[in-house]
Amino acid sequence: METIFTVNNLWMMVSIFLVFIMHLGFATLESGLTRSKNTINILFKNVMVVAIGLLTYTFIGFNMMYPGAEFAGGFFGFSGFGLHLPENGLTSAYNIGYTYWTDFLFQAMFAATAATIVSGAVAERIKLNSFLLFSVIYIGLVYPVTGMWKWGGGFLDTLGFYDFAGSTLVHSVGGWAALMAVIMLGPRIGKYNGSSRAIEGHNIPLAVLGVFLLWFGWFGFNGGSVLSADPGTVSLVLVTTSLAAAAGALSSFFTSYAIFKSYDITMVLNGILAGLVGITAGADLMSVTDAILIGLIAGVLIVLAVIALDKLKLDDPVGAIAVHLVIGIWGTLAVGIFGAKAGWSQFGHQFIGVLAVGLFCITTSFIILIIIKKTIGLRVSEEEEIEGLDIHEHGMNAYPDFRTNEH
Amino acid sequence: MKKIEAIIRRSKYREVKDELHKVGVNFFTYWDVTGIGNEKQGHVYRGVTFNTSDIQRRFLSIVVNDDFEQITIDTILKIAHTGHIGDGKIFVSDINEAYRIRTGEKGGETLK
Amino acid sequence: METIFTVNNLWMMVSIFLVFIMHLGFATLESGLTRSKNTINILFKNVMVVAIGLLTYTFIGFNMMYPGAEFAGGFFGFSGFGLHLPENGLTSAYNIGYTYWTDFLFQAMFAATAATIVSGAVAERIKLNSFLLFSVIYIGLVYPVTGMWKWGGGFLDTLGFYDFAGSTLVHSVGGWAALMAVIMLGPRIGKYNGSSRAIEGHNIPLAVLGVFLLWFGWFGFNGGSVLSADPGTVSLVLVTTSLAAAAGALSSFFTSYAIFKSYDITMVLNGILAGLVGITAGADLMSVTDAILIGLIAGVLIVLAVIALDKLKLDDPVGAIAVHLVIGIWGTLAVGIFGAKAGWSQFGHQFIGVLAVGLFCITTSFIILIIIKKTIGLRVSEEEEIEGLDIHEHGMNAYPDFRTNEH
Amino acid sequence: METIFTVNNLWMMVSIFLVFIMHLGFATLESGLTRSKNTINILFKNVMVVAIGLLTYTFIGFNMMYPGAEFAGGFFGFSGFGLHLPENGLTSAYNIGYTYWTDFLFQAMFAATAATIVSGAVAERIKLNSFLLFSVIYIGLVYPVTGMWKWGGGFLDTLGFYDFAGSTLVHSVGGWAALMAVIMLGPRIGKYNGSSRAIEGHNIPLAVLGVFLLWFGWFGFNGGSVLSADPGTVSLVLVTTSLAAAAGALSSFFTSYAIFKSYDITMVLNGILAGLVGITAGADLMSVTDAILIGLIAGVLIVLAVIALDKLKLDDPVGAIAVHLVIGIWGTLAVGIFGAKAGWSQFGHQFIGVLAVGLFCITTSFIILIIIKKTIGLRVSEEEEIEGLDIHEHGMNAYPDFRTNEH
Amino acid sequence: MKKIEAIIRRSKYREVKDELHKVGVNFFTYWDVTGIGNEKQGHVYRGVTFNTSDIQRRFLSIVVNDDFEQITIDTILKIAHTGHIGDGKIFVSDINEAYRIRTGEKGGETLK
Amino acid sequence: MKKIEAIIRRSKYREVKDELHKVGVNFFTYWDVTGIGNEKQGHVYRGVTFNTSDIQRRFLSIVVNDDFEQITIDTILKIAHTGHIGDGKIFVSDINEAYRIRTGEKGGETLK
């Protein structure tokens, strides 16, 4: 009896490591797709967000997101500050899949992800302090609330909304905040003078490294969301996850080639992420064919979304809004279209979930951002932006030995 | 023919380029250099704070016919200017001859 | 009873992740050892090959390589398109070591490796489309056939040929195709004008990253090939794998120092890979001393092979032929020389295996390549090659912020 | 019964992979924080150290560090050269947590770490040969001796000294040698002409990659040190490890901002490592609050230590002495201050442990280094140092395609 | 003494170097620059297609004695030529004096 | 005004800079270049040993008033000197005019 508990817990711990390494994936992807003069800044944000995520989640987040039956309401719950090992927290009586500590750490690793998503979208122009402050509040207070609505047993759960590993609860939550922040910050200087200008990322190998690491990490993100090592479910989830990613790569390849007559590697990288985000909401419900279809559609959508957002002059250097918000929505709705739960009523539930979370995130992130803007300000000075955040906020260069060629 | 070499702030490059285009200077060559001058920049690294006078700048090399000399210089002086220490310098010298490799032609025509 | 199944399956899933990350290892190694003007191109190929490998293996490869008893012949078998979960596919009745999904995904991750090997050898001059087309066919149709000969229960298996994790079935299969492609493509412009010229790789840290990740991944490649979490066998395999790699590093270090009076890091990196490829065929059969000897010899051989191939004017930018083909053969034969199965008759079986697979791969890759050459062409134009594939095929630079110094 | 053995062994194997990847973390961190003209050199050292560590540990180290009851003395033990599978070495009779092979490999992966720590501190000026020779002797003979004092059942163990995963036995052992080597080598040319000069690292993304990988690896370093997959203990260890790292990031962030009014990413990276080294000695004894406190203090200490060492003109390019020695000592003493074993008597034991290991390491590393200095020499020529070790010792550039801007 | 500055396609560099060696021009210095001129290059990045006139080129700075001026120019004109827009330019100017640091000697001898 | 262009070993840069400061030459611009000359450097890469004459060097461009010409040249000749092949060259040419962008002023004053 206890052996299976040990096995399950082992699996969850492996998933923790994989989700952890996603933060490195985000850090390298985001720094690769931005300019060298802002590299230290973006890496700094990504490093701090992990620390902030873990600590706020320890202090408050975990107990807001999983308040436990007696503290949970439909919309909000809280069982007190800090971590308190419950009786039986280390045995299968707590949960057949993991100990209390494993539970906490797996969820804490997820928490930081939401803010990391924002970090990419606002890159190259947001003030470091303002971003960190935003992250503390958003991870500490907003993320756990919507998380609780479904995973903590709140009203979306009661309703029948389904979100396996967080297309909505993690990716869209980050995506909505990214959207609001991008609107409030405005585009980078020079991005939309008349027509749209490309501001190329400075280090494509770093971006590729990031996407491979994210895929690698997603095995734990989705695989761990089974919450036990159950061979059938977990291995299915790994297959649907991988095939959706592969399909996303393929269709984004063809779509972007069809439109631009060029092999744009950043589109294929986004296509892979689109496949991954797309399958996340229903990774355990899909057949092989479903997974491939979801991935293929995600790969087409992502290319169109990147183009559309650019047309709308929403300047998102790494495509975070397209990947995490647009495809996060697609993945959530796909649960109503493909797989074991497909059907109009499920589609309805999914739609309501998207809407409810969207409204809440738009409102809260707007409020947080507007307060920051009015007080300490959101955006660096024009001089700082042109000369680079690294030299101004950090007094350093990311590559002091290289002769750069900044654009 | 004159060679105009301008050492400017990197952050001013784009504006200078656009303005040069407007006054009809469409051809030039640039690269990034390190300048040693009056300006200092504060750095911090692993607990050591220091000021460096080695500052990254952009070097523009523009060869023009004599009638374009003044407008080119004036444009750079106007646009690359911030008024803070470190705006850079312009140096002017003579060019004896210019060739266009594509056609083999030489003389002032090659600069148009 | 079922708990051990869960454990085994967990181990196989971990192995999947490790083998997956080898693709990142290949991507970074190969891009590190080539020039910056072709970096996007090589990364693009490595990314797409993963997607292609997974999808062709889903569609056709898995059922050709493991057709199951009723469909298998000695030389060819096929049990139909697509994946079909067999009855009991999720329980230990399918296999004590893993579920059907785990089985598929582990094998699928291997599949893409063969084409990735080729990618390095043909770098900096092959047309992107031609390479992708070749990959689809080679992974889709050739790799599964030879794989079936042994692992799918075909004639080599019957014969007594042994190839634990694929020195021949994976590495040589890639290596033979690499050899044929290099012959048919010819060397990079400027490589052999009179004497051989060195065309240095542009980013050595990236190459080092690649080799560490490949070693990391090899724990799953070899360790997972035990096909269960059996403590004794798997841990032995990890030890032999690690010690062969370490021994390969050491002997390539001394060999290259003895010849060139210089500490050439690329040779040591190749030496590590040589140790790994060398042990792969018999990782479960070797003692500690055997493993070290195999690694030491592999490390010497690799240096000589790199020199010899260069003398033969076979231009292989990353040493793929030397590592995967030459050492793949060495590793396969070593099963007849060292370890539990050593002996003349086993050596004979190994020899036949090498030969049979070699002939088949040479023939098929030649046919595929010649058809591609005659139709869409294999090689980019001279102008494109000199100016770089990145700007011509992709319209991008990998490092737009850096002042480059191309050679 | 045997299933739990398989699970435990699986966990230990996963830990092996994680500890292995720490070597990549060290390689990238150290090369990122040094200059591009010495990049190949430092990578070369890091690659070779892994090979040397594994092979010397096979040949001699393992049997010195874990000689087994019949061969162990209080201060020294040795059970013969090479590896010899004991009877029952593959079953739970050997150990409930792992097979003999797993045991060896986990310990062997640790062994190389000590020398890798030194590698960073002596970077950019030590002769390659001299460093490699030093590593062979230090890993082969010194590391196993002090290791045996505690983990092999020697006198420190008898005394009651506690060092869970090696704040002292691994990190300080490396740190002391680093200190001695830095003293004997002297600073890099130009570092202390009058005032201290900053010699900036050439590639900050590489350094960030390194720290994330080290954190990732630390899950296995600490988690594996439980020596079984016990759900409660391991998951607690993962939580204390992560929170100490996060707390270290936070406090180093604030401390370095308070002192320098600047967001120095290298300080935050060192702060994370400080949190990790600090928690290592007592990761299984601490509560959540203890872990956070230990991390917070470590993050403050590291900033002060970096500054102090610089004031003392001890030139350590990557901060290895500060991280591994100073914080190694802090972590060891913290076992007497926080957590389950806190108390004066335990503090005394910890203190004696630090002292004993320190004296032994100082003495032995001094002797080894002085002999090397008198014979083949320790330091490269001035010309070589100024022009870079890469071109002189290796005849190569790490980045031949980039226009560099060396400082 | 003359300074010959040639801005050429990077892809032509190796040929130019080899041919210069053949005609006896064994010493020069080069670096990579960005040229703004007539040539345009198509780029695509994340859905934005654009033409840039900022093209990477190689800058050769060759100081020669007067009797070598013509052959150097002719060689570059011949070898660096493709006939397509963007072949580059050659500019010639005067050098007053040259020194060889190794020996301290000055004058035309230092260029041999 | 004169332009002094010095191509020196990178390893000598720091000393040269310090010494120039001592003699009152506080302003200049530098960048890294590749020099083709007499010096050869041995390389090894994946089993191919080769000598390259493409050696990385530092290029200093210093514009000075005429009275500073000699001291600048002498300083570089003295400090950048090792006596081994490859110490580099100094080239001197005329500058017609200099401008300081910050103030718009021109002439010798801008170099002080």
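Each chain gets a letter, A, B, C, D, E and F, in the order it is written, and its residues are counted from 1.
Operating definition for what follows: a residue touches a chain if its C-beta (ideal position, glycine included) is under 8 Å from a C-beta of that chain, and two chains touch if they have at least 3 such contacts.
None of the values given here were measured: they were computed from a predicted structure.
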{"item": "Between chain E and chain F, the fewest steps along chains that touch one another", "value": "1"}
{"item": "Same vs different contact residues, chain A with chain D, by half of numbers used", "value": "different"}
{"item": "Pair sharing more residue contacts (C-beta pairs) when A-C is set against A-E", "value": "A-C"}
{"item": "Distance between chain centroids, defined by C-alpha means - chain C, chain E (Å)", "value": "44"}
{"item": "Between chain B and chain C, centroid-to-centroid distance (C-alpha), Å", "value": "51"}
{"item": "Interchain centroid distance [CA atoms averaged], chain B/chain D, Å", "value": "50"}
{"item": "In chain C, residues with contacts to at least two other chains", "value": "3, 7, 10, 14, 200, 203, 209, 262, 264, 394-396, 399, 402-406"}
{"item": "Multi-chain contact sites of chain F, meaning residues that touch two or more partners", "value": "31-32, 34, 43-45, 49, 93-94"}
{"item": "Touching pairs among all chains present in the structure", "value": "A-B, A-C, A-D, A-E, B-D, B-E, B-F, C-D, C-E, C-F, D-F, E-F"}
{"item": "For the chain F and chain D complex, residues of the former touching the latter", "value": "10-11, 14, 32, 41-45, 49, 56"}
{"item": "Touching residues (chain side chain B, partner chain F) in the complex", "value": "2, 6-8, 31-38, 57, 59, 73, 76-77, 80-94"}
{"item": "For the chain C and chain F complex, residues of the former touching the latter", "value": "196-198, 200, 256, 259-260, 262, 264, 266-267, 270, 303, 306-307, 310, 319, 405"}
{"item": "Chain F contact footprint on chain D (complex, rising order)", "value": "190, 383, 386-387, 391, 394-396, 403-406"}
{"item": "Chain C residues within the chain A interface of the complex", "value": "3, 5-7, 9-10, 13-14, 16-17, 20-21, 23-24, 27-28, 31, 39-40, 43-44, 46-48, 50-52, 54-55, 58, 82-83, 90-91, 98-102, 104-105, 108, 128, 203, 206, 209, 393-403"}
